[in-house]
Every structure is written in C-alpha cells, then in structure tokens.
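Two complexes come next, and they have one chain in common, subunit A, joined by subunit B in the first and subunit C in the second.
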Partner chain A sequence: MTLRSLFLWALPVIALLASLSLGSGSVGPGDVLALLSGNGSDEARFVMTELRFPRTAIGIVVGLALGISGALLQSLTRNPLAEPGLLGVSAGSALAVTVMILMGSDSAAITTPVAQVGALAGCGLVVAVARMQGPGRDPVRLILAGATLSGLLLSLTSLIMMADQRTANEIRFWVTGSISGRQWEELFATLPSMALAGLTTALVARPLASMALGEHVAVGLGYRPGRVQFLVITTVALFVGAATALAGPLMFLGLAVPFIARAIGGPDIRRTLLLCLAVGPTVLLLADTLCRLLVAPSELPLGVTTALLGAPLMVMIVRRHRMPTL
Partner chain B sequence: MTDANSANPTLATRNLRMAHDHHTVIEDLSLTLSPGRVTAIVGPNGCGKSTLLHGLARVHHPAGGSVLLDGGDIHRQPSREVARRLALLPQDKDAPQGLTVRDLVGFGRHPHQDWFRPPSPEDRAAVDSALGAARLEELAERPLDTLSGGQRQRAWIAMSMAQHTPLLLLDEPTTALDLGHQIEVFELIRQLAATGRTIAMVIHDLPSACRYADHLIAMKEGAIISAGTPGEVVTRALVRDLYGVECDLLEDPATGSPLLINMRRSTDP
Partner chain C sequence: MQRRTVLVNTALALGVAVAALAALSLGTIPLHPVGVLRAFTTGEASQQMALILFELRLPRVMAGALTGAAFALAGCLMQTLARNRLATPGIIGIDNAATAFAVASITGVGIGLAPPAMALVGAATAAALAFALAGRTGTRGYPFIMAGVGIGAIAGAITQLMLTRVAIDAANAAYPWTVGSLNSREAMATHLLAGGLALCWLAALGIGRHLNVLRLSETVATGLGTHPGRLRLAGLGIAILLTGLAVAVAGPVGFVALLGPEMARSVSHPARVPLTASALAGAILMLLADLAGRMILAPLEVPVGIVTAIAGSPWLLWILLRQTPGRAL
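Presenting the complex of A and B:
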C-alpha cells in the first residue's frame, strides 16, 4: 500500500470508525453495531449522540483548521518547522480566552472571536519576529523565538490560573488541549469563521505557491506579496482562534499534518492544502482515540498525546542533514 | 513560435527617482526602452542598474517620478494586467525542492488564468512551446534541483516565455554560470528577441553586453552617462570612466560589435 492511499483512504476511515466506536468507557464497537441495527442500550445511545458524534465532528474540524494553518504558516515563512502551536499563535489565543474568563465572561458565544483576536496578536508577533530574522533565514532561529514567545504567553496563562481559582476550574482541561466534553453548540459557533477561513485559503493558495519562488517572482507574475501575507495571516488567525476555542492550545498538529501531506504530495502548497483536508482530521482523530485508550478507564488530555507524538517528529525534522526548503 | 506582441508596448521612465532606506540611488532618470530590441544595462557595482530594473518591473515604488507602461503609470494599473504585458526574471528567486521544470514553467501562465479554472489548452500549448524553445522537453518532468545551472536558468527563462509578454526584464541572467552556460542563456535571449519582444537586461559583463545586445545603457552613480548601439557607447574613455580599466578596442569580424582587448587596470585614478 502506498503512503498516498494509506493516508487518503485507509487511515481516514480507520480513524473515523475508531473515534466513533472506541472510548475509555464500556461502550465499544459491539454496542455501536447494536445501536445501528436499532436495538442499542440507552447508555450507548447517549454516549454516541451526546459524546462521540460531537467529539468526532470537533476532531475533524480542529484537525482541518490546524493542519491548514500549519501549511499556510510554513509556506509563508518558508520554514518547515513553523506551526501555530510552536510559534505562539495558539498560545496568544489561549491567553486571550483566559483573560476573557478572568474578567467574568463564561459565554461560549464570544469565546471564538476573542480566541481569534488573540491568535491574530500572536500572528503579529510572529511576523515581527520573522522580520527581525534577517537575511540568514535560519529556520531554527524563528522557531526558537516563537517557542520563547509561546512559553511566555502560556506562563501568563498559568499565572492567571494560579491567581484566580474560578478561571482555573473553568479552563484546567481546555488549557492542556482536549476535545472531550464539548457541545454541538460550541462547534456551531465556530463554523461561520471556519467557512470564511476556508474561502480565503482557496483564494490565497495560488499566490502563495508563486511566492515560494521568491517575492520578486510573485510580483512579476502579477501578485501583491503584502496583500497575500495579510490574507494568510488573517486566515491563520481565524482557523487557529476557532480551533483553540474548541480544543485549547494544541501543539505539533500544525507541524505533523503538513509534513505528512508534503511527504505524500510534494512541495506545492496547493496540493499540500488539499491533502491536509484528509490528513489533518485523520491525525487528530487517531491521537484523540489514543488518548481514550492509553490510560482507560481514565483519559489523557489530547495536548499530551500530540506533544508525545509531535516532539520526536520535530527533532527528526531538525536533525535532517539538510533542512528541507519551502 | 507564436507570440503576443503585435502592437509594440512601451516601457519608459520619467524623472525617475529611486531610493533605498532614504538613501537615493537614482536621482533623476528618464529613458524609453527601444521596442523590439535587446537593451543591456551596464555599469560598475552599485551604479543603480539593478535598482533601475526593479523600478521598471514595479518591484519597488519610485521615490519620485514615474514608470510608464504604454503611457500610463505602472503602479496605477492592476498588477495582473501588467503581468500580461511585462515579465520579470529577478535575481532573487528560488525553487522549492522537488518542483519540476514543467511545474515551474506553468507558473508563467498565472496572469492568464483564473484561480478556480484548470489550465486551458492554450495554457498547455504555451508551456509546451516555451519548453521547446528553451530545449527543455527532455527535462520537463525533472525536479529543478537536479539540473545544471544553465539548464535551471533556461527553465526560469522558459517560465517568463510562457507568460507571453511582449516585454521581458532580466536581472543578471548569466551570473554564476560558466562560459558554455552563459552562451546557452544569451542565445536563448537572442532567440526571444527574434520573436519581436522588447528585452532589457542588467549585465555585469561588458564584453557579453556588446556581443548580445542591440542597445547599451551605461550607468554610473545612478545616472545614464551614455546610451546607444554598442559601437556608439563603448569607447576607451567610457570603459576607463565606468570601471577604471584601460583597454583597446577592435571590431568583431563576425558581428561588427566592439571587442575589448588588452584590458588592464588604469594607472591614473
């Protein structure tokens, strides 16, 4: 089986079925089959409709959003290590939400825009750092700066949690990254901005592909790099803000998903973005299913699993003799 | 080759001033590119020739004056429409790993395509004819990073050809190429000129400029000090003035263009 068909057909199906039928509780594949044939228990029905369906749907959307954001950021900064989690975009988003809860808000409806504003601020800092980078274009340096920023923002988040018990209780699970226990309404609240971000992604894919040839080449082909950069950053902020509102600041997904997509489809950003549509949800659902199984009947936070899987991948990419250029 | 240059478009500057970080590189420069000819912009390092090309190609905004494409300010025209008339091959460019020659050449079609539509037969024909003209058919499916420097540069030129523009600007197209590859690239440029395109290129090497350009623009300290055919422009005094080099001049028996021989550093400053 080729890598391509594995990631495009086999794994997505496996991931979807696993996410729907496996859990840390007692409802397993047998109960799911019984439910489908119309004679499942009430417990199984509740677990499916109230827990696993929304959880899986959220997993798909968050996987899409973070995978595409990673691919966009990597293409824009021409750095295979750039991803929202490592660069502080997710952390900016998380801090904004934490501050919002600290100030007394507990409405899910305003969480998404606040998270998106936080993500935009995080993006702004990334761009500033990328500008300071100078002509050397050392990919690891950008990531060091981003990781420092990310660490700082997450520390501020922790500080707020320590100082304010109510906030801490509200966000303890969310802040490590998790998609369990979310409601349909929370997913629906993010869909309009996700759709908008999907549209701008489609608009920006071609110009972004030509910017990979160099900014001057892109100008020669009739694009305006400044405008493209603005659109990409807005898109990433919309996606990451929405994903963070749903799942907390997740690290490494934005790294792993485009990495796999490029391994399948080559360097063209347009192909990478399309492949992220399949790879993103697959990776996220598999990681989330692992969370439920590894320490059953308890659960690991998703953020822990993605870090456990993503960190070695990051080390591997850095250790490659030649950094892949974008 | 079929080409899209029936009506000769014009590219000109009027009182152009270009600056880098508030430091003026070009003070007040007016020129009009000769239609249908190859113009070489020459001059010592730092004379502003690349800056001029960046201005002409709308990569940088002028600090004053204007660049006129077909009589209108180039910055007031939609960039995409400009890209259908004016192609640029800059010096700063790179190709993502694994990008094939055909994919690269396909980028030249972007100004003619809509983002939601797949390449038309016309697009494919333009890519094929550019690959053919640059003698790259055999290498079309090869990743760019597996080619020689000359082949790679030809692939970039093929991308500009696929753009089907009557105007083409090239920034030092032969830098870092060995003699054989340089000639390969220059002959391709001449071949393009034969289709009626208006071409301007920044060239470091004065002898090559004499050999391959119809028209020379000699720049020093941000200003044009001489312009005309190579035979008119290249004099012993000019070479001394531009580069601090003494030389003797002969006429190339094959082309009639000036040949620089016996070059040596000027003794008097």
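Presenting the complex of A and C:
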C-alpha cells in the first residue's frame, strides 16, 4: 500500500519535473535550478516561460481529459478496450476541425467548440453502434466497428487535405498529434468547457457506479440510465473535443490511463476517475518527455509515441484469457 | 456445379473488360469507346489519342486490374484460412506494415532495397508478428485480428513518423501513395506484380480443392488426407506475397481485399472457395473505384484508397453489426 501510494504521489511529481527540466535543446535541470535561484540565462528564461510551462500545462490538461473520457467510455460501454481514439471520437473532432480550417477560419476560440461538436457526432455514432449490437455484445467487435468508423472519418479528413493545399499544410503536423509549440491562449480557450466537463463528471460518477451493477439497480436507486448516458456522452465530447483541439487526435491514451488506474485502485468507477486525475497527466507528460529525449536534438510527434506504447498494451489486454467485461 | 463456376467467371471477366474499357475511355479528355476498341484491334489512332491511350491510361488500367486482383485473391485466401470474414490483410495490419517498410526504403531510412522487396519484407514481418502475438489460438479467433490491429496502428505511426521527418516535398510526393493510389506506380513494380500474380493464382488454384474441404472443418480436412498446418502455411505465404507485391504498386487499398471476395461469394457456388471469381471481382472494384476517384472531383484526383475506404467502411460496419458470433464466413 505504501509502495503504491509512493508511486501514485512520486511519479506525478517526477513527470512534472522531467517535463519542465528536460528537453531536446540544451536547457537542462542545471539551468532550471539557476533560473529558480534568480540568475538564469536569457535563453533558459525564454525556454521555460514561453515553451516548457505552456507545454507542460497543456500536457496536464490533455492527459486529464483523455484519461477521464476513456474511463467514462469504458464504463458506459462496459468494454475495457473502449477509448476515444480507437472508437472514432477523436477522428470525428479531427474531421470537424479540418472542415473548419477548409472554410477559412483558424482562431483558437472557434476551434474548440467545433472540435467538440465533431466529438459529439463521433460519440453518438459509437453509442448507436453499441446499441445496435444488442444482446450479443462482444467487446472486440465494438472496437473493430469503432476502428472502421475512425478510418472512414480519417479518410474524409485526408480527402480534404488532398483538395486544399493550405489546409493540408496547416494540419499536417496537428493530425499526427503533438503538444509542442502551443500558446497559452489556446489552453485558455479550452478551460471553460473543461471545467464544465469536470463538473458533469462529478455528477455522473455515482450513477455510473450503480449502472455497473445493472441498469435495473440504477433505476431502483432512482437514476435514469438514459439521462446518465446523455450526460456521459456530452462530457466525453467536451473533453475529447477540447483535447483534440489542443493536441490533435491522440490514440491509446484513453486506453492506457484507466487501465493503469484500475490496476492501482480496483474496478470501482469512482475511484478510477479520481486516480485518472493523477495517472492521466503523468502518463502524458512522461510520453511527451520521451518524445523530446529519444531523438534529440529533434522531436518525435506525441501521437507516434502513444501509438508505439499503447498498441502493445491493447494486444496484451486482448490476450488475457478472460476479458473483463466491467 | 462446374458449369456455374465457369458461368460466373465468364460473367466477371466480361465485367473486367467493360470496366477496363470505361476506364480507358473516360477521363479529362473523353474518348469514344468504339474508337478505343478500334485503336486496340487495328492500331489506327491519332497521335494524341495514342499518347493518352497507350502511354497514360493503359498502364494505369493494367496496374489497377492487377492490384485489385491480387488484393482480393489474398483477402479470399486469408478469410478462408482464418474462417473469418474480417481477417483480410488490411484489417490485420499487413497493408500498413508493407507500406511502412516501403516508405522507409523511399525516404532512405532503411537499407537500399527497392520498395517492392521492402514491402514484401514488411508484409511477412507483420504476418509473423500477428501469429506470434496471437499465441495458441492461431489464425482463428479474435486475438489474431486484434494483434493485427495493433501491428497496423504501430506501422501507421511509424509511416507518419518517417513522413514528418523528411523534407516537405518528399512527404507530399509520398502522401498519395500512403493512402493508396495508382498515381505514383512504378513500371518495375507492376511487372513484378504481373508475374507474381500469375504464379500465385496458379498456386492458389492448386490448393483450392483442399481449401474447399478445410472450410467444412479441420477434422474433415485431416480425415480426407489434407495436412491443415501445411495448407495454412502455403495459403498464408501466397496471401503475403500477393499483398506485398500489390502494396508496392498501389499502396494500401485494403478494402478491395474485403469487398472483392464478399462480392464473389454472393454469386458463386456456396460449397467452393471462389478464388478466381474473387480476383476478377477485385479487379472490377479497383478499376471502378479508380475511375470514380478520377471523375468525382475532376480535375482533382481522389486517391483510390480513399474512394474504397469511403465506399467500403459502411459495408464493414454492417458485417460487424450483423454477423452472428458463432457463424464464421
């Protein structure tokens, strides 16, 4: 237990410090310490205030958003593989943003709501698919359907990229997924909706926990499953839309974070959601730091790192003989 | 039974001819089909027409028909061996891995092997990995498919990585090819594909009788003197070879491998594995999809991979939602 809590509290701090002090450039921990004691170089000051602080803050927010929405989706579909990236939610918001850039608008204030509308559409499709599956539900099949949906939406995105050179150049790197080079304003634009989504998460945690015991139990306790489902979908759309607007469509984070959280704290969705608060940012910041260090002096796109780390995890989850059905 | 196979194959071959004629005549400069036919039979054509027909459109049509046939034949083999309609090379990541390896050779990351060779290496690697990760269940069951999905995701990420690390011109040049297009094909790769397809088709026909039996059940196949393990290895080898060669020409156009056999099965005799019919249906689909991609947004050209993905995804979703778990194929 102590070891577990040590990991829980120590790792996030380590991740935070690593994200702030390590980079592909020459500014390392020593410079950061010097800066804190008041006599850092101008270069270190610039790197810290203009690059690493916003990047780390965005990493924390995106990790939170994707981790929590993964946990919510997994609980709602009762499927340990459900994840916004795999199920086409991120692809939906990527398509929406691409369409918006094609129409000629590119201000951060509009990007977030548009991405959220796209995520909502993706979410609606996934839930419709899950509903249509009916009684013979089968976790892997939902994921394959989601992957198909995701592929369809991404091909439409590529189609737009082919059609319009300007759009293509603007989103070429965004589509791979990355949190480097973002501005504070982009983060601030997403904060109101993130806060709202956090609020609704707190609202649905208890009903979701009771729905895990069966819809009848939830109804008996006075919750309405339809309303809970609506709230969950809205929350996921708000979170994933905001995260995608900031970082592009990232795969497998929503899979890995709740998986780790469940491994630490057991299957209760309330505890999983709380743990995601710590695990999400930790995983994302560590992955992002890896991106900077692996091929320094240049950088890997974050989306590539998450796919390389997350895909084996997915295979591992499937290979476990008894797939937990949540 | 035999007569139905002949009938279906003849009809599909006619379909290929019609699709090819349409692909040869339609385009930015439309040619009259009769004129096209005359140019082929007698060789009389104006200089402009000869240029369009023989230099531009014919190689493209040939490449389209060959890749379509190769993808669909590979898909049919894999589906039969895994006894699962979902087990096409596109879904289990062979396409993506072949693309990743070929892009590596183009962008100069890998060893100096030509793209077709690298695509083959990639296809074989992905298949071997999927097998190894699936563990004891072999090609049957979901672990194989999900392992493939994971491998596909990793290969896709690596392709993207390589494309972001080269100069923007190189990335733009490689882009249509990574989504699947007949635009940037190489003559050498097409020739290799033609030879490989002929050999693989003959080999597939050779094991066709055993495949028919394997479809019933493994015990029946063993009882009738077929060695299921050896048969699997042979069939999978042919499928990998076909996919690798086809990816080297056109990039990953995975949906043809799903839709071609699907179409062939709906018209063929249910007791037989429709190998030839799948290949012909795949050729038709590829030709029509490429034609649609050239025509829909003309003068802009939509890569054939995007056309098939947009047209094929709803179909795949339909299969996923409607297929009852117990029933394979």
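Heads up, the rule we're going with is that the second predicted complex is superposed on the first by the 321 of 326 C-alpha atoms of A that agree within 3 Å, B and C clash if a C-alpha of one lies under 4 Å from a C-alpha of the other, contacts with A are read in each partner's own complex, and residues count from 1 in each chain.
The working rule: contacts are C-beta pairs under 8 Å (C-beta built on N, C-alpha and C of every residue); 3 or more make two chains touch, one makes a residue touch a chain.
If you're wondering where the values come from, they're calculated on a predicted model, not measured in any experiment.
Of the two partner chains placed by the overlay, neither subunit B nor subunit C lies in contact with A:13. Of the two partner chains placed by superposition, only subunit B is touched by A:222; subunit C is not. Contacts of A:263 after superposition on the shared chain: neither subunit B nor subunit C is touched.
Of the two partner chains, neither subunit B nor subunit C is touched by A:293. In the superposed pair of complexes, A:212 makes contact with subunit B only, with no contact to subunit C.
Of the two partner chains placed by superposition, A:191 touches none, neither subunit B nor subunit C. Once the two structures are superposed, subunit B and subunit C can be ranked by residues of subunit A touched, with C on top.
Subunit A has no residue lying at the interface with subunit B in one structure and with subunit C in the other. On the subunit B side of its complex with subunit A, the touching residues are 54, 57-59, 78-84, 86-99, 103-104, 107-108, 110-111, 115-116, 160, 163. Here subunit A touches subunit C in the complex through residues 129, 132-133, 136, 138, 140-141, 143-145, 147-149, 151-152, 155-156, 158-159, 162-163, 169, 172-173, 176, 251-252, 298, 300-301, 303-304, 307-308, 310-312, 314-315, 318-319, going by the rule given at the top. Residues 202-203, 205-206, 209-210, 212-217, 219-224, 266-268, 324-326 of subunit A touch subunit B in their complex. Listing the residues of subunit C that touch subunit A in their complex gives 86, 91, 133, 135, 142-143, 145-147, 149-151, 153-154, 156-158, 160-161, 164-165, 168, 171, 175-176, 179, 297, 300, 302-303, 305-306, 309-310, 313-314, 316-317, 320-321, 324-325.
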